[in-house]
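Order of writing sets the labels: A, B, C and D. Residues in every chain begin at 1.
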Amino acid sequence: MVVRERVTGVDLSVEMCGITLSTPLVPASGTLAKEALGEVEGVYGAILPKTTTPAARAGNPPPRVAETPAGMVNSIGLQNPGVERFMEDLDAFDLGVPLFVSVAGETVRDFAALCERVSEDGRVAAVELNLSCPNVEHGGLTFCAGPAAVEEVVTACRAAAPTKPLFAKLTHEGVVGNARAAESAGADALTVMNTIPALTIDAKRRSVLVRGGLSGPAVKPVALKAVHDVARTVRVPVLGGGGVTSGTDVAEFMLAGATLVQVGTASFVRDPVEILAEFSDYLREAGMGAAELTGALR
Amino acid sequence: MVVRERVTGVDLSVEMCGITLSTPLVPASGTLAKEALGEVEGVYGAILPKTTTPAARAGNPPPRVAETPAGMVNSIGLQNPGVERFMEDLDAFDLGVPLFVSVAGETVRDFAALCERVSEDGRVAAVELNLSCPNVEHGGLTFCAGPAAVEEVVTACRAAAPTKPLFAKLTHEGVVGNARAAESAGADALTVMNTIPALTIDAKRRSVLVRGGLSGPAVKPVALKAVHDVARTVRVPVLGGGGVTSGTDVAEFMLAGATLVQVGTASFVRDPVEILAEFSDYLREAGMGAAELTGALR
Amino acid sequence: MKFYTVEIEARRELGAYTLISYRWPGEKVEPGRFVMARAAGYPVTLDPFLARPFSFYDFEDGVASLLFEVRGRGTALLDRATRTVEVTAPLGRGFEIDASAGRAALLGGGIGVAPLKILGRELSARGIDHDVFLGFLDAGTAAVADDFAGASVATMDGSAGTHGTVLDAAPDLLEYPVVYACGPNAMLAAVKDAAGPDGLRQLSVEERMGCGNGSCNGCVVPVDGGYVRSCVEGPVFRAEVLAW
Amino acid sequence: MKFYTVEIEARRELGAYTLISYRWPGEKVEPGRFVMARAAGYPVTLDPFLARPFSFYDFEDGVASLLFEVRGRGTALLDRATRTVEVTAPLGRGFEIDASAGRAALLGGGIGVAPLKILGRELSARGIDHDVFLGFLDAGTAAVADDFAGASVATMDGSAGTHGTVLDAAPDLLEYPVVYACGPNAMLAAVKDAAGPDGLRQLSVEERMGCGNGSCNGCVVPVDGGYVRSCVEGPVFRAEVLAW
C-alpha cells in the first residue's frame, strides 16, 4: 500500500454518524468504478459506488462527456444494472473500509423501497440519497425542486431504513432550505453538492454537444460556498465536495465545515494517492489532526 | 483601429430593440473601466459601464478578488461614485457606439428613480437593471429572490423609463421563472447571467479569502444552459454572457440564443480585439453573418 | 487515475501526423490498447482539463510510441511538448489474435492507422499473414503509409493511391477470415457491413472519454440491451457486439 | 487587456529570487510602474487564470527586467519558463521624482526591493543623492542586496547585516526630505509612521489584482472617504493619501 508511507505521522482518522473512517476522503458517487479500486487502496475512508436505481438503466446515448474550462459536463443518465444486480456484486467494492451506497428513485416509494433493500444488508454502512441528479428528466429532478419534496423523500427513507445512517445529497440551488428540510426529516448527514446543470455546444457543428452536469475544479468555489452555508445552518455533519483536486482543496472543504470530503472528477486526471499525501502534508505543517479541521476557520 | 482589418469581409452587425450595433459584443457591466476604453475601440457594438447606484458606494474592503480554476471570485460591492457623478462623467464612455447604462437600487423606488434619471438623458441608448449582484446584502439580493420581486421592479422601471429599452439582468438561479416575470413586466431584453455566488478559502491562514461572485471561463457551461433555457422560453432578445473567452465562445452563446454577447472577466486576461477577430474568422468559415447565428442550433 | 511523467525519447513527423516515443518499463504492450495522455496536468495546469486517449502505435525494446493528429487544443499542446508528456499505464482491451484463424485484413482510416502498426508487428511475429489497407483524405495524411510496407492506399481526393475510401482499396473482405479495423465510427460501420457476419471481425472504436479506467461511464458504445464502456470493455470490440 | 509574448533575453538567480529580462520596444519605463505577467495564457491554458503583477526591476537599453520570488503556482510557472513569457505594456503610476527636494531614502522589504533598482538608477541619472536600506528574512533572500551597491542590509534572523527590520538598518527617516518604500503593507505602514508627515513620502503598495488596467476595482487601497484602485492610481501612493 503505497499510500501508507506518505501519510505517516499525522492523524487522518475522522468520525461521522458513529462510523470511524481511516481518512476523511470518500469517492463521489459515480466517479470510481470497481475496476479502478486497486489504484486507490488506502486512500479512501469509505467507498461509495455509483447510484443504483430500482431497475437497470441503460443511460443516455453518447456523447456523454464534454471537456470544459477546468471541468467537464457529463450526462451519463444513471446507467446502472439495477439494485438487485448491484447488491449481488457488492463484494467487489470491499476494500476493508465502510461501504456507503447511493440510491435514486423516480418516486418517493422507489426511494423508500431502495433504502429498505440496501440498508438491511450488513455490508452497507450508510445510504446516500441522490436527490439531485440533473440527468434524470422524471423523478430525480423533482427532488431538487424544494424543501417540501426533500422533506417528503427523506421522511419516507428514514422510516424505511431506521437503523442505518442516511445522507441526503443536495444540489447547490436552494441548498440551505433543502438542507434544513433534510435535517428536520431525519437525515443523519448531508452531502453537498452534486454537479451544476450545464450545457456545452459544438460551435463547428452548430449543435448541442452535452447537456448535463458540470463538475471538476471549475465548480469548487460554488461548492465551497454551499458547504459553508449549510454547515453554518444545520447541526448534522456534511460530506463536502465539488471540484476537490488537491490536498489543499480537501483542507478548504473541511475548514468550510465538511466532516468528510468527496473526490470525484479530479480522480480522472490525478492520482487520489497524491491528494491524500498532499492533505497529510497540510496537516503535518498545520500540526493538526484531520478531525480538528472541520469548521476551523479563524 | 487595428480591429477593422481583421474583421473585414464578414457582416458583424446585429440589431436589438431597434438599436443597430456594429458588432454583437458588449462589455459586461463592471469589467471595463473608462481608462481601458482606448484598447477596445472597434470591438464593442455598445458600451456598458459598471452599475451605478443612487448614492456613491465605497465598496467592500480588500481582498476583493481571488483566482480560482479557470475563473475568479470578486466581491467589489458595487463601488461607484453614485448616479449623479456618473452622469456628469458619461462622455468619458463615448466611443461613438450606443451607450447602455446599468443601474441597481436597494428598493423598488430606487430602481425606478434611477431609470427615470438615466433614461431621460439623450446619450443613454438603453438601461440594464442589475437585479442580481450577489455582493449587496440588502437590496440587490432580494431581487433575485423570485419572479414576484423581479416583476415588481421591472414594472416600476418600465413605468419610469417608458421610452428607453430596458434590460433585466438575471442570475442563473431560477432564471427561467425570473425571465418570464421580467418579460411579462415589460423588459425589452434579458441579460443572462451574472456571477454565481461562491466562496474562496485561504487554507494556509485558515480564513475566508473572498466571498463573492464566480465568473470567467469556469462558469461558461452554466451560463450557456441559462441562455439556452431562457431563449427558448421568452420572445424578447437575450444578452448572453458568463465566461465568454474566445470567438468560438461568442458563437456558442449566439447559437444558444443570444442576440448580443457580453464579455467580462476574460477581458482581464485576453485582448478583446482577438476575441472579435476569432469570431469574425468563425463567421467567415461558416459563411454566415452575425445576425443569422442567434438560435441557429441544428 | 495515475499519470506518469515520461521523457520524450524521439519525436518526428510522419506526413501530417506526429509520432512521439517514450520508454515504458511496464509489461509488453498489447496491440489495440491505449493510454490517456496530455502535455501537462496539475499542478502545472487544470486546463485543458481531461487527458486524451491514444492507441499505441508501436512498442519495441521497451520504447512505446504514439501517433497523433493535431485536432484541437489537447493535441496541439502535445505536439508542442519537447521534453516530457504525461501518460497512464496501458489501458483497455486490445485486439484478439487467433493464430489458427488464417489470413487477416487490417483496415485503417486516417489517424485510425495508429494501432495497425503494432498489430502488424505482432501478427508478423506470430507468423500470421496479413494485408494492410489504409484510407486517407489526401496525399498529405497518406504520407504515413510509407511506414507500412506493402500497404494499399486510398485517398478521398485521389491525390495518392486508389481514388475513394479504404474499402475501395481493399478486395472483398468476405474472403478474409480475420478483419481488423480502426478509424472513424462511420468507417467502422461500413467495414462491419462489408466484412459480413462470419469470422473474427474486430473494430477499434473512438468515443469521448472522461477517465479511461471505467469510472465515468462516459465512453460508451451501444450494444444489444444497452451501452458498454469502450475504455474497459474496448476500445476493440467484436463487430457483432456493436449495435451499430 | 493586451498581452505580448516576449522572448526571455536572460534569466538568472539573484539569491533566492529570479531575474528575467526581455526586450521592450516601448517608451522608457518609469520607476515604480509594473506589468501583469504570466508564463502562458489562452489558447495554451486558462489555468492559472489571472496574470500576476510585477514591478519593473530595471530598464536599460530597451531591455526590461523583472525580479520575482516564487510564492505560488503563477510564479512557479514563470520561474520554469525558458523561452517566452507574456506581459502587458507598463502599467500604473510610478514614483514621483523631485530633483529639487533633496536626499532620498529608499527602503525595500523582501521582494519589495524590486522597484528600487530602477528607481536608484533614475535618481543617479538625475544626480539625486540617495541611500538604500533593504530588509530581509534571512541571508538567503538578502543575497539580492549584492546588486545594490552600498545598500545597508538588515535580516530578521540576523544571518546577514543588522539584526532586525529594514527600519533598524536605517537612520532616522525624518532627516530625509524624500522617502521611497516598497514591501509588505505592514512594513509600509511602519515606514509611513517612522517617516513622519513632511516631505515627499512615497509607498508602493501590494494588492491582489484582477486586471491591472482599472477595470475590475479589485486592487483597492483605503483612502480618505473610500477606496482607490492601486493599479491605475498607484501602485505608488503618497503616504498621506493612504488611510492606513
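What we mean here is this: a contact is a pair of C-beta atoms (placed from the backbone, for glycine too) under 8 Å apart; a residue touches a chain by one contact, two chains touch by 3 or more.
What you are looking at is a predicted structure, and each value in this text was computed from that prediction instead of being measured.
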Just how many steps, at minimum, does a route from chain A to chain B need if it may pass only between touching chains? 1
Have a look at A-D versus A-C and report the one with more C-beta pairs in contact. A-C
Which one of the chains is farthest from chain C, going by Cα centres? D
If you average the Cα atoms of chain B and of chain D to get two centres, how far apart are those centres in Å? 35
CA centroids of chain B and chain C: separation to the nearest Å works out as 46
Which parts of chain D, given as residue numbers and ranges, touch two or more other chains? 43, 46-48
Could you list which residues of chain A touch at least two other chains? 68-71, 216-217, 245
Does the chain-touch network form a line, ring, star, complete graph or other? complete
Residues of chain D that touch chain B when the two form their complex: 1-3, 41-43, 46-51, 207-222, 225-227, 232
Using the touch definition up top, name the residues of chain D that touch chain C in the complex. 43-48, 73, 76-77
In the complex, chain B touches chain D at residues 30-36, 39, 50, 56, 58-59, 61-72, 74, 76, 79, 216-217, 245-246, 265, 267-271, 273
Report the residues of chain A in contact with chain D in the complex, numbered from low to high. 69-70, 217
Using the touch rule from the top, collect the residues of chain C that touch chain B in their complex. 46-47
